[in-house]
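We call the chains A, B and C, going by the order they appear; numbering starts again at 1 in every chain.
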Amino acid sequence: MDRLLPLIQNETLKIWKKKRFYVVVLVLIVLIPVFTYAQLKIAETNRKNFKDWRNQLVQQINEYQNMLSSERIPEEWKRNRRIAVQQLQYYLDHDVNPNSPDGVTFTRSFMANAVNLFYPLLVLAVASDLVSGERSAGTIKMLLTRPVRRWKILFSKLIALTLYVSLTVVVSAILCYLISGAVFGYGGWGMPVFTGFVINGSTVESTYVHAVPQWLYVLMEGGLIWVSSMTVAILALMVSVLVRSTAASIVTMMAAVIAGTILSTMSSSWESAKYVFAVNLQLTDYLAGSPPPIQGMTLSFSLIILAIWSAIGLIVSFGVFTKQDIMN
Amino acid sequence: MSRTSSSALWRSIAFSALASTLLLAGGFGYAVKDMLYPSAEAYTGAPVKSVLPEHKELSRAKEINVTAIGDSLTKGTGDATGDGYVKQLVSLLKEKYPAIPVKLNNNLAVNGIRADQLAQRLSTDKGYRYALRQSNLIVFTIGGNDLFQIANGRAAGEATGDISLETVKKGLNQGIDRLDNVFRLLYEINPNAHIVYTGLYNPFYNITDLRDGSLQVQKWNEEAYSLLHQYPNMMMVPSFDLFERSIGSYLSNDHFHPNHEGYAQIAERIAQSLD
Amino acid sequence: MQSAAQSDVVLSVKDVKKRIGGKMIIKNVSFDVRSGEIFGFLGPNGSGKTTTIRMLVNLIKPTSGDILICGSNVQRDPEEALRHIGCIVENPEVYSYMTGWENLEHFARMQRGIGQDRIAEVVDIVGMQHRIHDKVRTYSLGMRQRLGIAQALLGRPKLLILDEPTNGLDPKGIKELREFVRMLADQGMSLFISSHLLSEIQLMCDRVAIISHGEVLAVGAVDELVNQTGSYVVWQFDDPEAGRRLLAAEQGIRFVKEDEHRIDESILAGLKEAVITSMDADRITALVEKAVHAGIGVASVQRIAPTLEELFLQLTEGESIG
């Protein structure tokens, strides 16, 4: 370990000096105000149209129900709406506002919406050129001719990557809270959020539903996002080992992630899509009790799939990196 | 010099990243535990507290808050503009009481709903009850689906073909019982609001075989009136006459729901009836 | 366990072969580099030079054969073996988004026991004190080269491997590099220098291995190899015909035809009607005397050493370079 620490320090400093993390923070600083503004507009409209959130929620439930009675709407969609209605109803019945306008709630919903596409992209900004960048710059020749075994070098890169994934998740939450809080106020820490909805077909079982304070909910979200982001990071590392050019490595991973997002929205008819890693990234959905992209998927299932993909990613990365000939 | 800055940087990154990692790992662990081994502790939040509006004439109210409930007629089905009678009523009220702010709180009508389903909601749905308690003017329509649907179990608008007078008759008594339930619940929820019920009409008046259905509709309206009459804050607005001679100009293409004009007439009547 | 002779060997390459994509790129490479010598590795582009160097520093794994650095096998024990070498493979590519100093710190951290004072020391050796805290992307190629060497020197290596070190340098830079290399050798370091330029090896190296088509053709002292090829002796007589007759009468003198030799044209340009021979240089004095006795005036006699190109041609038996 004493030999690994300086290596991790090297990789961490390189990512920092390459200003990769600046990019992540910059993207967040630009995007969060945009979403905050959009949310503000929505809140304003709601304030104009509804006396309070309960009226709004009642109306929303009513609209969903009316859509459900239409025969032109696909069954899959109806199922999701039915589940949403039951959950909103639960909130209403317990007099808890699911979308109260405050900094913490904004952070919670921002993170939940960002898990399947936005966080992976941020992770890719850091992960995609970890190895391919060294190869295209030629610095890998310096790196690998030092008296250090190759697995240690890749391992230190992996650890550095992990550190930055953690930082990305935490910094995004902090920025979200600070920026949106300036508009919506910095409250909402203790607000109850319901979790534990069990979805059975199109009905929601509320036996296990319980309230957690919102700060804890955000923390749990963060943990789940971290796990799905780490899967993306590990796979990006693998691609970066396999592909020589950074651009190709980014494109490959982006294509995979975006394809996964699209699959999640339309894969009800193709059940095996649930084994694709990108379809399993939305771990926060299980927390919120949203219906999974494909019926029958559960938290344990998704975690196992992500773990398998990560394991494959690690085996391939280390296997190739330690054996591969550096030809140029 | 370089040493201090670069190792200070490393130390701060490492420290904050490590702290973040531990925090997130903790969050993940808790989330997994919480989801796989949920502790079912029922949450009984703060009770919904709502203050009933003052009981007085609309013309002297500080503001008019309208809540609409009921079936497709209240929803506005058939009106190409989507306004229905509810939105048109709100506009008319704004004209009638220029000094009082008029607001449509909620239109909670559901297509195809029957009186028993509405009663069910009124008795269990806290959201419904909350919305109703907020308002001082409640408008609603119900019964059409009961009357025309009970026999064949299909939505009223689609039942044109196989409707028979016999089934309509059968539906009547059962429907009236349910209607009574709705009235009772509404009064219980908000005794202070002005509650306006719009009576039924016979959409098949111009179909000779079904013309007699008007008798059943009239009977329904009569029964409804006698039930509603007991409640001091309720009144009924008739609509059957609108859809007899002038049925062609007030009915929409589905031959069941009113069109924009038809709804305008209903809105007009309700506005007129309010003090 | 090692014999006295072997302990003197810093780098030992034994029967190394490399197959890439079914093709034998390196067919058979063996040589030793002794401590304190400057070892040249000569071959045209595409001869397998770079592949061999990459195998020396563990960037490419040989298909068979062994590479030992100070007795440690590069494949089996890279951490021990690579400790003894510093290298620049092809261009000195360092992290352009960091300063020179940060780069050195980076590589220093990859080895045990290299502190700030050692970094300052190597910066001093390559003479980069003034620019070391600037970002590398502002450096010229020459400065990157120096930074690369500084990096290679960090771990006090026993062997320094430089791949085509003069590439891209101006004549002044090349001269400085030569002096620098000599200075390092004088301090007891071994150097392994690859080049496709013959003159460079002649100017810099003590011993050389010549590689072509993935095979080492010859290994030896640069001087010996040159002598092995035999020197030319170029005669200029007052009467070339008479002179030629005189030499022809002697045993062991071979005339070299116009198209047989590879002597630089610029040298011959000044020697009109020169008679080029291949012979033992010790006999020149006696032959000059003989000519004078016979009344044939000798305007000049010159010994001309063969170039490495010639040596190369001889070794490959006339195969063209490349």
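Following the convention adopted for this analysis, a contact is a pair of C-beta atoms (placed from the backbone, for glycine too) under 8 Å apart; a residue touches a chain by one contact, two chains touch by 3 or more.
A quick note: this is a predicted structure, and the numbers were derived from the prediction, not measured.
Asks: Of all chains present, which has the mean Cα position farthest from that of chain B?
Replies: C
Asks: Would you mind telling me which chain pair, A-B or A-C, is linked by more contacting C-beta pairs?
Replies: A-B
Asks: Measuring centre to centre with CA averages, how many angstrom lie between chain B and chain C?
Replies: Roughly 93 Å, centre to centre.
Asks: In angstrom, rounded to a whole number, how far apart do the mean CA points of chain A and chain B lie?
Replies: Roughly 38 Å separates the two chain centres.
Asks: Can you compute the centre-to-centre distance for chain A and chain C, using the mean CA position of each chain? Integer Å is fine.
Replies: 56
Asks: Find every residue in chain C that makes contact with two or more other chains and list them.
Replies: 102
Asks: Which residues belonging to chain A are in contact with no fewer than two other chains?
Replies: 9, 13 - these are the residues of chain A that touch more than one other chain.
Asks: Which residue numbers or ranges of chain B touch two or more of the other chains?
Replies: Residues 6.
Asks: Which bits of chain A are touching chain B when the two form their complex?
Replies: Listed in rising order, the residues of chain A that touch chain B are 8-9, 12-13, 16, 50-51, 54-55, 57-59, 61-62, 65-66, 69-70, 89, 92-96, 162-164, 166-167, 169-170, 192, 194-196, 207-212, 216, 219-227, 286-287, 299-300, 303.
Asks: Show me the residue ranges of chain C that touch chain A in the complex, using the header's touch definition.
Replies: 20, 54, 57-61, 78-83, 85, 87, 89-91, 93-98, 102, 106-107, 109-112, 148, 151, 155
Asks: Sort out for me which residues of chain B touch chain A in the complex.
Replies: Checking each residue of chain B against chain A gives 6-7, 9-10, 13-14, 16-18, 20-21, 23-32, 34-36, 38-48, 65, 75, 103, 105-112, 125-128, 130-131, 134, 155.
Asks: In their complex, what parts of chain A are in touch with chain C?
Replies: 3, 6-7, 9-10, 13-14, 17-19, 137-139, 141-149, 323, 325-327
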